[in-house]
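Both complexes below contain subunit A, partnered by subunit B and then by subunit C.
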Partner chain A sequence: MSGMNRQGRPSSIDNTAHGGTHSTFTGNKALELEEPLLFELDNPGACGVDFDEPEPFTSRLGSFERQGRIGLASVSEPEVVRHFVRLSSKNYSIDAGLYPLGSCTMKHNPRLNEKMARLPGIGDVHPLQPQQTVQGALELMSELAHWLKELTGMPGVALSPKAGAHGELCGMMAIRAALTARGEDDQRSRVLVPESAHGTNPATAALLGYKVDAIPATKDGRVDLEAFKAKLGPDVAAIMLTNPNTCGLFERDIVEIADAVHEAGAYFYCDGANFNAIVGRVRPGDLGVDAMHINLHKTFSTPHGGGGPGAGPVVFSEALAPFAPLPYVVSGKDGFRIVETEEAAKADGTQPFGRMTAFHGQMGMFVRALAYMMSHGSDGLRQVAEDAVLNANYVLASLKDDMSAPFEGPCMHEALFDDRFLKGTGVETLDFAKAMIDEGYHPMTMYFPLVVHGALLIEPTETESKQSIDLFIATLKDLARAAKSNDKDRFTGAPYMSPRRRLDETAAARKPVLRWAPPMPAQAAE
Partner chain B sequence: MSDIRFTDQHEWVRVDGDIATIGITDYAQEQLGDVVFVELPEVGKDIAAGDEAAVVESVKAASEVYSPVSGEVVDVNGDIEATPAGVNEDAMGDGWFVKLRLSNPAELDKLMDEAAYAEFVEGLQ
Partner chain C sequence: MRYLPLTETDRREMLGVIGAKSVDELFRDVPESARRDGLVDLPRRKGELDVERALGRMAAKNVAAGSVPFFVGAGAYRHHVPASVDHLIQRSEFLTSYTPYQPEITQGTLQYLFEFQTQVAMITGMDVANASMYDGSTGCGEAVLMAHRVTKRRKAVLSGTLHPQYASVVKNLSDFADYELEILPPALPDTIEDVAAHIDDKTSCVVVQTPGFFGELHDLRAIAEAAHAKGALLIAVVPEIMSLGAVTPPGEMGADIVVGEGQSIGNGLNFGGPYVGLFATREKYVRQMPGRLCGETVDADGNRGFVLTLSTREQHIRREKATSNICTNSGLCCLAFTIHMSLLGEEGYKRLARINHAAAVSLAERLAKVPGVEILNQAFFNEFTMRLPKPAAEVVDALAEKGVLGGVPASRLLPGVKEVEDLLIVASTEINTDADRAAYGAALKEVL
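Now for the complex of A and B:
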């Protein structure tokens, strides 16, 4: 029977087969502390600051005056601090351990980035400051734009998109602007997207009103060239391709694909989420790409939870560069300035399709990405790609006999497995992933890409040392052995040791509880 | 007497007179896992064979349900929209998605019959 904590929640320590622990009075497990919701901590009257009673005043709010309690929790400063520290200790992050989430490039975020981003001249600037007072920040943006263009071999760049999917939208809007300028927008209504694409690709095309046409994959996990060519026509606006693709494989026919796309009068959008595999080695511009977003928060460090939001600048070919959105930075004899209006753009000889964001983009991410680039140098970035690919191949080669790989290696930056090795064991991909949590690892990406049954997608990145990867490989080998030798309980009941046991994802999706409700009717405020 | 046909995308279509009832197969619901969301078309919409008729989302994946045949939507299954679990419980029966008034019954000839579909699924295992 599971214990209940002070808040009447099950503390759920399984003390039968695994763990061997017993329930505690507090629900805490030594240093692993149970934490109620902030609202449950509400202690009416407690407060972090002392405010003086206001002078007598006449309210002018009229009917807009608040009638009831706002319902925020009253807590003292130490209680707030403890609450968030305790919650944060339940987080798994790249700073805590290997984070093999495929397609996410969870690499180390160098502390140098953080030091740079906190420099007062950078951390404290405001987007509405007069331009002559932020020349350094503008130069930094210009320098970042230069690096991105140099690394991709593309002549144009839009820095403002806020993340990968936003970058896709930006790239596809530039494509639409170019088609409109050619008078062909009405005629070109179809976007080709391979089956192995990131889910955001078809979503982007659909959001812009395009009809998404899926291109099947070949048996070796790549775009079916013949099927692709058969789908080309005068009504195709673009192809959206990820390279390396989500099977962790390089699309070998990419140049032929680009040529065919251009011959059909369409444009080539490349999803750059996997740029980490080729940065410094391959310039997408040389492959015939017209637009590609770059997830600064993947390839150039600061992954999810790495100290800030995302940023998804888009690089453009000669054909699309004039349509890149406002604002952008240019340098002239009086220093750097921002081109912010259509009139200014006209004078500059460009035809932006509009703007994606209110301001210039994620400045904090620009600083971190540029710090990463400059501290690595061009040779260092090349080695990043080489080491990332080497590490993934080491994982693939070490595990392909214990697990099952759907495609022949070598792979690029991520190693893909399917669930054939679990066949007949009663263990599914999800169970396998949950058992990894007990081993102290964040699971890999599961059930994606969809073209592979029960997919397990592992991206170790260049961050990991050989010792770290060896331990990870040994762990997965042990789990695979356990699954095959009938130790089903270790998986189907997992995780056993996490703060919460397996959550009911189905119930969470079917009957979401999105608002906390007080256990009793709220008392009127005194 | 109704007649059932299947697609290689794991949809089924059962025809009764000129009304075709469309759903996903038992194999499809099993592969998807617990269905948590279903989006259905509006009644009166014309759908061509091969076009998206509905969207189904599970804890593992989201995917489209393509219409095996062309026709006008005459009814949708509001029960599975309210209770998506119905798709898992009875995919071939009460878990149907859409009813169409057939505009081109000849399209049915291109689809698999029960035996051919069973063989097709066997080949996927």
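Now for the complex of A and C:
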């Protein structure tokens, strides 16, 4: 019998009534609400906006007037708001908890940055307004460029690439343009890419027609210097190297690699996805890098937004800077000017290789990134790198006896484990990751990098407190212990408590259903 | 620093567990020559108030579109975005979530992507759409590469209706990937372009924009027929997606791939980005598509759920054999699009499109009365081209002096092309009032 409070309501829990799982009439689980597809809410006659029909006028659509029903759902505003709020509750987010996705840098997203991006003088400005009406926007781009150049020690920058992979494409195009200018484009057809690279690196090189040649890794998780040197030759255009690399390690031989690349007449493209580990402490320009993209949505904390938008500005060495694409901002005595055509560039004496996108790049991300940089300053950014590296090493040191680390530390901003600690348990990396979901965590990056078996790559970032990381470590220790003590069910069926259990991806790919379609009308009764 | 939770005590304790004397020790793999002891030459940290001041000062130097009579388009359009859109996309669970690689705890993102794909397929009149590209122009480049894969040919023909900066993006990609390209001269609205004459047995695709760069609506049916007769694909580009609420969709005119700029629905001008590229095609080409796709499936309990699918096309699985190198897309901009489109619904979308058309017709009628102005378009949606008695760039600057942002001079994007020097491209949407149009008419009269 449970206790009663003075209003006669039970004040303690009587858990004798129901045991274990409990299904509901609605399918809902208290705060967790099932939600149909938008199209299943269709209620013809409802509408979420109020606009009056225009006054009668003579149409100028000619013969192009759209006929028939489009099929869009008709829904009122409260229903639309509820629909998307309910959907949002089915998502994990960095605002809710630690999001240790290695290589993705899921750090805190300050709301100041959101506020700045929504200033009318920033968010409500058209890219093709007369230049005298956008001087502040051009100043902002110029200021961001200055910060990126200072932080990387590189003299050139292209702001327009829309995301990391787009930045890679931009960097490799600049390299190819420089080789063309030297008359060596035909001769240099090979790009060296370590086995541990992000998939975007080989995909980018291949898009430009390069032959991708994989460089093996050493036992300590780094580029095999001898194997790399053996692959260099007069037909090599570039190396694409991530540093710190995807194993979370700094490439110790990087200066020697850069020198060898340059000696062979090739260029050094650095994938800057992991710049967070070294920002403010190490400048890629001092390592011999020729081009590097910077994911503003990683290092400089513009929100990932469920998979974008990102921004991938590219910094360039002296050798590549003249080939940076259109558009770019210059400042003169009459203020700022955006150079957006080949004709204008010619007058300027540069040789831009072309254009990556219609307009000027991700302005909305530029302002967020600049707000983030200004907030931290030179001192705060250095602290970012130090705390990111400290947190990762703390995770590595705390877990190396319970899990298995393939490489000796110290690591940089992410701690890599392999699946040796799961050997013989019947639990695989995937199962281990899915069990973390029931514990309230987003899993780490799994099965990447490919050079490690059953990889588990953890990037805590600098915005986690020690208390948060301690609980995370304790949780992983408990899971590792459970896996080793034959508590297999906790893993292989996991997750049990998330809005959805494991999803059948094979079925999804075999017979793709990529859009909603109205149900077939039932056969009319005779 | 307000975003960094570790205290000095924490740091000391953690170094103790690691067994390092200082954080410098953790950086010992960095070559000596590249270690920096001091700070980089940039300002120190700032509080929120100071950052707001610094950025507010820059913002104040721009003329916000909403503060003046505004008629600028040419690939980006100012529309009213309902308040609930911006509120909902700022929910932490959407804003601060990653790509939905763990579907069990990202059903929110996956379901709206599925809804987005459905909406895009519906409005373009196509079978399927992907979960977005960076923007319309990069989507256009990817569409050309996709057509080359489908047809196993190497040459694309770009109509003179295509936005010049879209054409530059395609040219850049084609040049570097060693494909052939034929770019037709600018197709003024008062001339007829014979695209079909440029299609031959080597052509993989022809790219036509409607509404075109000069605002003209173009019939795609004959071009589609001509392309298909030679085994080529028709790629239709729609930079003003609001138009499809009123105008025959490319999918009903024989297009094989439709590329759109989705900025107009749910997304602000943002000085050019982030925007959201729409990409739709026929069912039979789905495995040649670039970008992420979200599909329906069931979970272990038999409940409906959604996952990213057909990822064997993508770089993280296929590496150098992927259909594209794209990874991050425009997730949050898709969400803004989907929410706004949900609010509009069937009737709202169509009505808003009619209002846009009415606004542009009203403006065209008014400006046609200004002495020296000639409207070149036959059929248009919310944007048209005027021929002026003097260079359009000068006129636009003079209008700006008078506090009217009057459009885009064609010469800005087509410098050195003599026949477009006096052409001004003008857009009008639901944001313009009669007073705005009157102000434009009066100012134009004065500056001509």
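To be clear about the criterion, the second predicted complex is superposed on the first by the 478 of 526 C-alpha atoms of A that agree within 3 Å, B and C clash if a C-alpha of one lies under 4 Å from a C-alpha of the other, contacts with A are read in each partner's own complex, and residues count from 1 in each chain.
Just so we're on the same page, contacts are C-beta pairs under 8 Å (C-beta built on N, C-alpha and C of every residue); 3 or more make two chains touch, one makes a residue touch a chain.
All of these numbers come straight from a predicted model, not from anything done at the bench.
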Partner chain(s) touched by A:E55 [first = subunit B, second = subunit C, both, neither]: second
Touching partner for A:L225 - first (subunit B), second (subunit C), both, neither: neither
Touching partner for A:L471 - first (subunit B), second (subunit C), both, neither: neither
Touching partner for A:A509 - first (subunit B), second (subunit C), both, neither: both
Subunit B or subunit C, by number of subunit A residues touched: C
Partner chain in contact with A:Y447 - subunit B first, subunit C second, else both or neither: first
Overlap of the subunit B and subunit C footprints on subunit A, listed as residue numbers: 199, 505, 509
Contacting residues of subunit B [partner subunit A, same complex]: 34, 36-37, 59-63, 84-85
Of subunit A, residues touching subunit B in the complex: 199, 447, 450, 505-506, 509-510
